[in-house]
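Just dropping this structure here.
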Amino acid sequence: MQLDARAASELLATMWRIRCFEERVASLKRSRQVHGLIHLSIGGEGVAAAVCGQLRDDDGVYSGHRAHGHAIAKGAPLDRVMAELMGRADGICAGLGGSMHLVDVEHGFLGATGVVGGNLPLALGNALAARVQGSDAVTVVFFGDGAVQAGHFHESVNLAALWELSLVFVCENNGFAEFTPRSAHTVVERVSDVVGPYGFERRTVDGGDVPAVYEACGELLAAARQGRGPMLLECLTHRRRGHYEGDQQSYRDEAADAEWERLDPIARLRDDARGHGWLDDHAIGELERAARTEVDAAVEFARASPFPEPEAARRLVYAT
Amino acid sequence: MTNSENAVLDNERLVWMFTQMLRIREFEERVKRTFEDHPGVIRGHTHLADGAEGSIVGSLATLEPGDQLLTTYRCHGYPIVLGTDCKAIMAEIYGRRDGLCGGYGGSMHLADPERGFLGTSGIVGQGIPQATGAAWAAQIRKQGQVVLCFFGDGASKQGAFHESLNLGSLWKLPIVYIMENNNYNVATRSEQEDANAAAGEPLSVKATAYSMPGVTVDGGDPVAVYETVGAAVKRARAGDGPTLVESKVYRLSAHGNLIAPPGVPLHYPEHEAITVFGNREEYEAALRGDPVPRFRARLVEDGALEADRADQIAQEVRDEMEAAVQFALNDPFPEPEAALQHVYA
Amino acid sequence: MAREIPYIAAVNEAIALEMARDETVLFYGQDVAPSDDDELVKSFGRERVRVSPISETAEIGMAVGAALAGYRPVVELLMAEFMLVAMNQVVNEAPRLRYMSGGRVKVPAVFKAGYGFTAGWAGQHTGSIYGMFMGIPGLKVVLPSTPADAKGLMATAIRDDNPVCYLMHYLLVLEHGDVPEGEYLVPFGEAAVRRDGGDVTIVATGWTVGRALAAAETLAGEGIQAEVIDPRTIAPLDTATILSSVQKTGRLVIADQSTRHGGASPVIAAEVAEHGFSSLKAPIVHVTAHDVTVPYSEPMEAFVLPNEEKIAGAVRQVLGEAPVAA
C-alpha cells in the first residue's frame, strides 16, 4: 500500500487535472461562463486522488456539494464535467444538475448533493446492496466535518456499524462548515471521536500528505474488500478558497492561510516524488502541462456543445 | 417537592417515593382495565409506564420548583408525580371535556405547563430537541432552572438525539438527558437495531461522542436513580452542562394497546418478549423483579415503612384512582364545535 | 419617515428592532453571527444570538422547546428546502402542540428561510415549496415581496404567538424600496393591491409580483388594465380581497413560482371557483413553474419558471385574445 513511482505519477497526474480544472472553473465563473453555486476542491486534490485512485469502477462513491475533485478522480471525463458546469447539452447530466449534482454511473461516481450529509444514507444503501449481492465492491462516501453534527450522520453510522457494511466514511475535516469554524458547531474536535462509541476501524491523517492518505486508505480498503466495515478515514485538510466562489472569506485567519500555502498537497507530493527519485523536474512539468492541455480541450468541447433546448427541461422527470 | 441538595433521603421522603410509585402503578392498571371494564371508552393508542415507576419517581424527586420536563408519549406517570389531578388525566385519556387538555390531545399528548411539564411528542425522539430549546431558555433566565428530557432507547438512534446532545454539550445547557432503556423499541430488541447494544455495551457510551458524561443506573431502584439523576441535575444547575443517564427499566405491559380500525375491540396484548420472541422466561423474570413490590419490601425491611401503613397507602391510592375513573366516565364530552378552537394562539 | 434600503436589510432591521423591544426574542442558526464583532451580538449578547451547526431537527426542535418555555425564537434556516430535513418539527410538532394541549401551550417561533433563488443553484436549492406548509392548521406562511413588507411581516411574525414560516425570496434580497423607520408592522391575512385595474385580476406571490407588475405595464400599452394583488401571506389567506377584485374584473390569472399542483395557486383558484363563480367570465388560468425539478442549465431553468411574458400571455388568454393552449 506504500506509494511507488508509478502510483505517485498517477496521483500527481490526477491532482494536477483537478487543480487545473478547478482553477479554470474559477476563472470561467468570474467571466460568467459558469454560473450558479460552485464549490471548488482546490487544496483537496490529494484526498480525492489518493482515495478514488484505489477504487474500481464498480466501487460506488458518493460525495457532497464539493464534488468536482471526487468525480474527476473517480474517472469522470473532464470535458463532460466542464460541459455540465457550463450548462451544455453534452454535460454529464445534460445540463440538468450542475456542480452539486454530478453523476457518472459508468465510473461509479453515484452522486453529489446540495444537502449537507444528504448522501450518507444513500451510501449506506449502496453498501447494503453490495452486501446483499455478495459482491466485494466497496462504497465510499465523502463528507465534510459540518455534516457530522447532522442527524443523518448519526443514523447512518449506527446502521453501518450494526450491519458491518463495507462502507468507508471519508471525512474531509477542513475545520469549517460554510462560514463558521468547527468549534462553533461542536465541542468534539476530531470527527474520529464522534464515531468512537461504534467501534469503527478508523484513521486520522493529514489530508495534504498524499502518501499517508494513500497508505491509510489502502489498509482500510483491503479490510473492506474482505467484508469488514465500516471504517472512517478522517483527513485533516485546508480549504484554500471560500465556501463558494464569491465568498469574501472575512472569517479566515491570514497566518493560518500562509501556513497552509506551504502544505499544498501537490507541492508536497511533487517534492516527495523528486526526493525518492521517482520523477524528475521534466516529468513533473509534463504532468502539469498534460493536465492544462486536457482542461483546455475540455473547455473547447464545452463551448462547442450547444445549450439544451429549453423544452428538454420537461423530460426525465419520471423513469418510463 | 423538597430541596434535593442533600442526597440522603429521610423516611418521609422514601415513603413519598413509594406512594408515588404506587399511584403510577394503580393509575396505569386502571387505564388497562378500562379496556376490559368499559370497552370503547378509550380510543386510539395508550402506552403504560408500569415497570418504570422507580425511574420516573427517582428522577422527578430531584426537581425543584421552576424545573421543567418534556417526555415521550409514554407520559402518564410524570404529571401524576408532579401533582396534576389524576381525574383530569384520566378524563383526558377518555377524551372528555374536563380532561387535562380538554380532550384535544389524548393519552400521548398530556401537558401541564404550570407544573413544568411542557409536553410530549408522539414521534420518537422529537421531544429531545424541544427539551434542549427549553434548556436554552432556562440558561438565559439564569434562575437556576434545569430541564429533564425523557426518551426511550429507540430514540437514541434518531438524528434528533445526536443533534440535540451535540448542542446541549456545546452550549453547556442545564439539561439532563434521561434515556429510559427498556430494551425494546416497540417490537424490536435493542440488539437488533443498536450497534452498541449489539456489541454488548451500555447505551450510555453514546455520550462520549458529545464529550459529556454518560452513566447507566438500575431504573428499578428509585433511590439509585435519585442519586444518579440528582448528581446530573446538580451538574446542570452549576452550569457544567448535560449528562446522559441511561436508566434501565423493564416495561411490564406491551408497547401499547392493540391498534385496530374502529369496531375492533381494543385491549393490551402480552409483552413482545412473549408474542414476538417467545421468551416467556424473560418476562417472568421481570415480573419477579417488579420494582414496586421490591421497593415496598425494602422499605418495610429497613423499618422506613410499616406494613400496615403500606397497606393503608395502597388502599388510599386505589380509592384515588377509582375516583379518577368514575369522574372520567361521568364527565361529558366536549362540544363538537370546540374542535375549531385553539388552532392559533 | 421612509428611506430606501434593500430587502435583506429590511428583514434584518425588523429582527434587530424586535430583539431590542422584547428580550425574549432569540435569533440563531447556521452562520448567524459567528463573530463576536457582529452587531447583533454586540447589542444582545451571546445568550440570545448564537450560531448553530447544521442540524435542522435540533435547530427547529429547539425553537419549539424554547417557545414552549416562554421565548420567541427566530431560527435562520437559510433555504426553505433545508426545512425538509426537519419536516416533522415544522409540520407535526410546532403547529400542533397548542391544539393538542387544548390551548395550554403556545409555540411563538419564526422559521426563517430563503427560497426561489433561480440563478443556477440547481435542483435542491431552488424550489418554491411553501405549498406544503400552506394547508397545515396552526402554521402561518409569509411571502414578502417588497422591502417594506419584508420588514413589517417579520415584525408581525415575531410578535405572532404561532409558528410562522417566514420565506424571503432570494432574488429580491438586493431590491431597494421605501421602508419606514422604527416600528413598522404589516398584518397577516391582508392582501396588498399593488396596481388597480378593471380588466383582469392577477394574483401573484413573492418574486412573481414584480413580474406581474411588469406584465401589467406591457398590457397597459395594449389597452388592458390589470389589477395586481399580492396576498403577502398565504396562510392566513385574504380571499376577500381577491374575491372582491374578481367580482370587479371577472377574470383571474394566478402567478406563483411553485409547480402547478404544489403551490398557492390551486388553493386560490379553488376558493374563487367556489365563492366567486358567478363573477367569472373566463376560466381561471395559472402561471406556475413546470412540473419538474428546477434544472441547472440557464435556458432550461428560464423555460421552467413563470415570467413576465407568460403572465401577459395568460392575461390575453383569459381576455379571449389568444387561443387556449391545446
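Letters A, B and C mark the chains in the order given here, with residues in each chain numbered from 1 onward.
By our rule, a residue touches a chain if its C-beta (ideal position, glycine included) is under 8 Å from a C-beta of that chain, and two chains touch if they have at least 3 such contacts.
Note that the coordinates shown come from a computational prediction; the quantities given were computed from them, not determined experimentally.
Novice: What topology does the chain contact graph adopt: line, ring, star, complete, or other?
Specialist: Complete.
Novice: Centre-to-centre on C-alpha atoms, which chain is most distant from chain C?
Specialist: Of all the other chains, the one whose centre lies farthest from chain C is B.
Novice: Which chain has its Cα centroid closest to the overall Cα centroid?
Specialist: C
Novice: Need the CA-centroid distance for the pair chain A / chain B, whole Å please.
Specialist: Result: the chain centres lie 46 Å from each other.
Novice: Whole-Å distance, chain B centre to chain C centre, using C-alpha means?
Specialist: 41
Novice: With centres defined as the mean C-alpha position, give me the chain A-chain C separation in Å.
Specialist: From the centre of chain A to the centre of chain C is 36 Å.
Novice: Which residues does chain A have that touch at least 2 chains other than itself?
Specialist: Each of 149-152, 185-186 in chain A touches at least two other chains.
Novice: Any chance you could list the residues of chain C touching two or more other chains?
Specialist: 52-53, 55-58
Novice: What positions in chain B touch 2 or more of the other chains?
Specialist: 159-160, 162-163, 166, 170
Novice: Provide the residue numbers of chain B that touch chain C in the complex, in ascending order.
Specialist: Within the complex, chain B touches chain C at residues 68, 70, 99-106, 109, 111-113, 118-119, 121, 123, 126-140, 159-160, 162-164, 166-167, 170-171, 341-345.
Novice: Going by the contact rule set out above, which residues of chain A touch chain B in the complex?
Specialist: Going by the criterion above, the answer is residues 149-155, 157-159, 161-162, 185-188, 193-199.
Novice: Under the stated contact criterion, what part of chain B meets chain A in this complex?
Specialist: Against chain A, chain B makes touches at 157-163, 166, 169-170, 193-196, 198-199, 201, 205-206, 208-211.
Novice: Spell out the residues on chain C that touch chain A in their complex, using ranges where they run on.
Specialist: 30-31, 34-35, 51-58, 81-82, 85, 119-125, 290-293, 295-304
Novice: Write out the stretch or stretches of chain A touching chain C in their complex.
Specialist: Within the complex, chain A touches chain C at residues 35-37, 84, 87-88, 91, 93, 95-101, 113-118, 146-147, 149-152, 177-181, 184-186, 251, 307-314, 317.
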